[in-house]
Structures are given as C-alpha cells and as structure tokens.
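We call the chains A, B and C, going by the order they appear; numbering starts again at 1 in every chain.
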Amino acid sequence: MKHIETKNVNAYYGENHVLKDISLTMKANTVTAFIGPSGCGKSTFLRCLNRMNDYIEGFRKEGDIFIEGEDIYDKKVRVEELRQKVGMVFQKPNPFPKTIFENVAYGLKIQGVKNKKILEEAVEKSLMKSALWAEVKDQLHKSALSLSGGQQQRLCIARTLAVEPTTILMDEPASALDPISTAKIEELISELKENYTIVIVTHNMQQAARVSDKTAFFYMGELIEYGKTKDLFTHPKHERTENYITGRFG
Amino acid sequence: MKRTGEKIIEVALSTSGLITILTSVGIIWVLVSESFSFFQVVSVWDFLTDTQWTPLFTQKHYGILPLLSGTFLVTAIAILTALPIGISIAVYLSEYAPKSFRKSIKPALEILAAVPTVVYGFFALTVVTPFLQSFIPDLGSFNALSAGIVMGIMIIPMISSLSEDALYALPKSLREASYGMGATRFQTAFKVAVPAASSGIIVSIILAIARAIGETMIVAIAAGQQPNLTADPREAVMTITAYIVQVSLGDVQHGSIEYKTIFAAGITLFVLTFVLNNISFWIKKKYQEKYE
Amino acid sequence: MNNTLKNRLIDSGFKYFAIFCTFFGLIVLAIFIIQILIEGVGRIDWGFLTSLPSRRASKAGILTAWTGTAWILGLTALISIPLGVAAGIYLEEYGKKNRLASIIEVNIANLAGVPSIIYGLLGLEIFVRTLNFGGSLLAGAFTLALLILPIIIVATREALKAVPKSLREASFGMGATKWQTIWYQTLPAASGGILTGIILALSRAVGETAPLIVIGALAYVPFVARTPMDEFTVLPMQIFNWVSRPQHGFIVNAAAAIIILLLITFVMNGIAIYLRNKWQKKVNW
C-alpha cells in the first residue's frame, strides 16, 4: 500500500531551483533512506513531507504530495495536525530547555490534554519505545539539557512518538552523535519500523545500508535512482550512483 | 477554531505595534497643530531672526535664536568634554585592554547613563560650579560651562560604547597588517582602526549630540533661566528644553500665546533631533551596505 | 631621540591617558556620591520617609514623593509591559517581511531618539487635556509608558532573536501552532533577556523628570495618592523642587532624596545586569 506518494515535486528557494520533478512512493512500515552529496536537496525534500518549509521566506513548491491518500498541501489540511501525524527528528538534538517529562508531554499538552494520568502514561510509553525509559525513569523532572547528546536525541524521538504519529522523518539523526549512540539510534529505527513509516536522511552509506529497506539517491536536486537498498548498493543502475556509493565523489 | 484564535492573536500583536505609530503621529500632530496657531500670531521670520526671547514679559519678543544659541553652547561644551574621553576609552578597550577588563568595565560605564538627570543637575549646581568658581572667578552661579561639562560626563558611555562596537567589529587582519609593518598600537589604532571605523564613530557622535540637545534637567537646574544670545560659557543661558520647563512650572493659561510658545519651541527641538537621528541612520545604513 | 623610542613613548603615554579616561567618569561619579552621602545621609530617618512636604526644610519629608514614584512605577509597568512585549513579538516573529512591520521598525528607531520632554508635550495635549486625565498619576504613567515603549520593544526583539531556530523547529515539528510555539517555547526561553530590558526601561521611567513637569505634575502635593486619578509628585520632581530653593536646608533634603532615588536606580540596574549575565550563560545550550 502506498503510504507516501509524491508527484513531480519541484521546489525553489527564491530563484534557486533545488528539487526537480521528484516522484516516488513509499510503503507503510518501511524505512526509506535519502542519500546524496550535501546540498542536493535531501533535507528540503524531507521537510516538504511535513511542510516544515512553510515558514521559510522565498520557499515555493510545485507538484503534489500525498500521505495516506491525503493531499497534504490541500487548503483544507491543518498543518499542525499534519505534523502530529508526520513527526520530525532533527540533525542536532534539540530538546526544549525544560524537564524530560515536559519535553515528552509537550505534544499532548498543546493538543489540550491536561489529565495528569494520561500524560504520565504517554510519557512512560514513549520513553519505553525510544529505549530511554530505563535510563531516565528516576529523573523525569530534571532538565533535558542534562542528558548526553545520544540520550537527547532519543528523547527527541520519544517526544515525537508521544503524539502517536504514523510517519517519522529523520534528518541525519545520528550525525552529531558518537558511534555507540549512533548504534542505539539505528537499533531503535529497526524496532520502530514495525509500527511506523520512517524516512531518514543520511550521508553515511553504511547506515543507509544497515537500516533501510529502500534507498533514494539524490544529486543536484534530482532523484537519480530509487530502489531496494540491497539492489542499489550492489547493482547501481546509474554511473553517478555507483560513483557516489563507492566514494569517488561527494 | 485554532486558526481563528491564531489570527486574533496576530491582529492583537500588530495592534500593539501600531501604537508606536500612533505615538509618532500624535507627537507630530500635537506639535504641528499647536505651533500652527502660534505662527498665525508670530511670523516665522520673526521667530527665526529676532534676537530676543521674552514671551513672558510685557515687551514680547519671540526670537528662538537665544534659545538655540543656549542649546548649542551647552551641547558644544558637552561634546568637547565627552568626545576625547569617549574616543580614548573606545580605543583603549578595543585595542589595548584585555578582554576580561573590557567585559567588566562596559556595564560599569553604563551606570553613568543610568543616573537620573536631575541628579546630574544637582551635581552641576552644587559641586561643579563651586569647584570651577575657585579658578574662574567671574563664573556665575548659573552658567553654561558646568551644565555642559556634567552633561558631557553623562554622555561619555554613549560615545565610548558605540565607537567601541564599531572598532571591535573591524576584521583582525586589518590590524595585523599594520602591526606586521612595525607600527605601534597607538599608530595602528589612530592611523588604521579609527579611520576604518569612522562611520560608526561619527554615528555615535551624532547620536550624542542629539541626546545633548534634548537633555533637560541638567540645564534647567544649573544653566540658569536667561535667554541670552551669547557664546560665553561663563554666563547663564536658557536652552529650548529649559524654557519648556520654565513655562510648565508657571501658571500659563491654556490656549494663550505663551502656552503655544512651548509647542513652537518643542517643534524646533523635535526637528533638530529628528534630522540628526536620521542622518545617523543614513550613515549606518550606507556603512552596512559597504561591508555586506 | 630616535623614532622608534618616540613612538613607543607616545604609545604608552596614550595608554595611561586612556586608562585615566576610562575611570574618569566613574571617579567623578564616586566623588559626587560621596559628597551627597556626606551632605544627605544624616538627614535620612524614619521621619524623612514618612513626612509630608513642608515649607520648613527640617520638617519636610518624601512620603508623597516615594509613594508617587511607586505608583508611577506600577502603573507604567502595567501599561508598557504588555504593549511593548506584544509589539516586540509581532515584529520579530510575525512581521519579518511585511510593510507594516518595516514601517513600525523605522518608526521605533525614530521614537527612541525623541527627547523625553517632547513626550511631555504629547502627554499634556493627549492625556491631560483631550482625555481629561488632568495632572494625574494616570496621565503621568501613560506618558512614561510611551516613552519607554521603544526600549522594551527593542529588548524583546533582541531576546527573541537570540533563541535558536532549532527550538522553534522542534515545536513546529510537533504540530504546535505559531502562537503555541511562541507562548510555550520561544517566550520562556527569551524571558531573561526581556525581563532585563523591562527593568532597565522602568528604571529609566523612575528617573524621568522633564515629561512629568510638562504634564503638570506638582512639586507640592500634601497628600498620598490613593487612586490613579489623584495628583502626584515623584522623587525626581521633589528633588528638582528642593534644588531650586536657596535655603541650605532644602539642599540637604535634596541630597537625602537623591540617595533614595539612586538607591532605587542602582538596585534596579543591578538586578538587570545580574539577570543579563545569568541569562547569557544559559543561552548557550
């Protein structure tokens, strides 16, 4: 079943044409990796999927994007609801300068949930899912900024999970972390796949190979190749892809 | 629901911003409308050329020149006091002083600008004037000199802080080029850094002048209340601001010509400071473009 | 004398001159404060703080003046804080590129340069006469609120600007609306800087004299204000009034009142500097 579908997506920052005719589909409960040299438009495309580019001055998009059959750029769509459904984890861990508890409860609070019991349950459940519960269960009311970088990133994942999204977008979620934290995040991605559709941007080819089912290779705003991760890494169809994954440029 | 809420909030916030525009419109409207009726009685020509200002006397003259000369005299003394000190501080902090000293002294200097001006007025009248009288015998107990000097002390941080920012923002390479040729810090500072930061320094001076022109309490207390067309700093003078204070303290009938004089004086003051401020904005903008 | 030696002499000569300049203003201020303390500190006692003004210097106190200052401080804060912070939020978070915002911005820069006595003329016509507040606390507070509005707006903007973009993105990414993001994340993160600006602005209002003279605040008010519509005086007005009198007794009173006024000003500035330092440390998350 198509979970995400994009049709001829073009994007511009002012005059700068950064995405060219991107059409692809992603299935539910899979992990899709976006790879490509820096500046090729991976982040821009990812951010189109939950409309995080809406506030950027001079940004313009053409083409359609459907998630679970709904045109997400339709006028009727509430962008806030969309983002609850399609969560996002950023490159640098960006917890709110508040307690761990408040970080995870934030999404529900802004939806108007006030019941303490419900919040506590949701916080526990989300922290469990992000494999952070054991480490922080005794310090829920300490500042999130006191956590290590890897823990902060898993907290950001927990925060996203708390609003029960169907889709999680991750923009180089491990690039600012040490190898052990990175391994934990990758493990987590594999577990989360059971219940969520995940799109991850990475510049680390091994990571893409390890965690993803399908991989899309971008180059200068174009989608050069898209296919099963296994195939793309072993038998790339395009020379550019091959050059990139074998490290000849990029 | 959420969307309407968001829209209402945005409108409420922008309304608060609009109040600042209303304030400006209000200021201009008040000044223009009241001085308009003033200028129906007194001709603009007389206002600008008559050398006497005696609206509260029976022999009435409405020449703004004595007030302007008083204002400029005190301002000039203030700038002459603050400029060498302020620039020296700026150069010292950006070119000589250790970073930690710079960081702790800047807020300390700001204290000078935080002291209420009525306090400076008291200082000028009761400390500085008697002190100056000890070696300038014919100095009056109200005079332009001590008001100007004290005002200068007050505006030191304006000049030093803005000039220092301008100096500090210069690229390091500029100074290194000069040091590399064997120049001393003094030479580097005054031959390279100060000229390169000149627009920022000039902006600081213009803003300081505008501030001095609009300053009220120091002159109202220490400079005397006599509209005097003079350049002698030992004499008592009256500034535009001091005149407005004098009238406000008295019993002037609303709607009378005396009442309207404070708006005519006010619009003169407003135009002066407005022009100076905008010259400084213009220089700042030009200078930013150059570096971007 | 050889050239290098001469240059080095000039160099170190200037250095010591500049160090002298750096401390000159502070030394002068210190001398002045010591003078004031010598003159006035003996005059401060319970009676001075709790007495009404009087034509006899030795009987006069500052009760009406400091209560008036407290009233003005409170009312000005009530008016200026919500307006200033709201306008700052609008300019920084909403109006980045629209015309209205850029007009407001230029306008604020201009307002910040308008002499305070001009605000007095505005207050006199608008609040005292047109709105008929008379020479009341309310008229004074509105006048001073307009005067310090640009300071609060600019401080709010600076503080919001310092909040990292990632914090806003995190909140938007969770599905928060713009206002929710501002209210729950950006504003709390900026609150230290905003508070610093507010306190500095209010300390400025406490020290203002000229605009209040123009709107007709009185030097001699023989009763403590009970409502915002009452006539009033404030500490700087009282000082100005006493300074203008020839008898030495009143000069002593002025010095004593200045000690109180400076105390208020320095405490407010001290709090502001403390908050600023604390906040600057925290901002580097």
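Methods note: a contact is a pair of C-beta atoms (placed from the backbone, for glycine too) under 8 Å apart; a residue touches a chain by one contact, two chains touch by 3 or more.
On a predicted model such as this, the values are computed, not experimentally measured, just so you know.
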{"item": "Innermost chain, taking as reference the mean of every protein Cα atom displayed", "value": "C"}
{"item": "Chain pair bearing the highest count of C-beta contacts", "value": "B-C"}
{"item": "Remotest chain, chain A as reference, centres from CA atoms", "value": "B"}
{"item": "Whole-Å gap separating chain B and chain C, where each centre is the average of the chain's CA atoms", "value": "17"}
{"item": "Euclidean distance of C-alpha centroids - chain A vs chain C, Å", "value": "48"}
{"item": "For chain A paired with chain B, centre-to-centre distance based on mean C-alpha positions, whole Å", "value": "55"}
{"item": "Numbers and ranges of chain C residues touching at least 2 other chains", "value": "177"}
{"item": "Sites on chain A at which at least two other chains make contact", "value": "80"}
{"item": "Multi-chain contact residues (two or more partners), chain B", "value": "2"}
{"item": "Parts of chain C lying in touch with chain A, wherever the complex brings them together", "value": "96-97, 164, 166-167, 169-177, 180, 184-185, 188-189, 282, 285"}
{"item": "Of all residues in chain B, those that touch chain C in their complex", "value": "2, 5-6, 9-10, 12-14, 16-21, 23-24, 26-27, 30-31, 34, 84-85, 88-89, 91-93, 96, 105, 107-112, 114-119, 121-123, 125-127, 153, 156-157, 184-187, 207, 210, 213-217, 220-221, 241, 244-245, 248-249, 254, 262-263, 266, 269-270, 273-274, 276-278, 281"}
{"item": "For the chain C and chain B complex, residues of the former touching the latter", "value": "7-8, 10-11, 14-15, 17-19, 21-22, 24-26, 28-29, 31-32, 35-36, 82-84, 86-87, 89-91, 94-95, 100-101, 103-104, 106-111, 113-122, 125-126, 129, 146, 149-150, 153, 177-179, 200, 203-204, 206-210, 213-214, 216, 219, 236, 239-240, 243-244, 251, 254-255, 258, 261-262, 265-266, 269, 273"}
{"item": "Residue numbers on chain A that touch chain C, as the complex places them", "value": "50, 52, 55, 57, 80-84, 87-88, 90, 92, 94-97, 106-107, 109-111, 145, 156, 159-160, 163"}
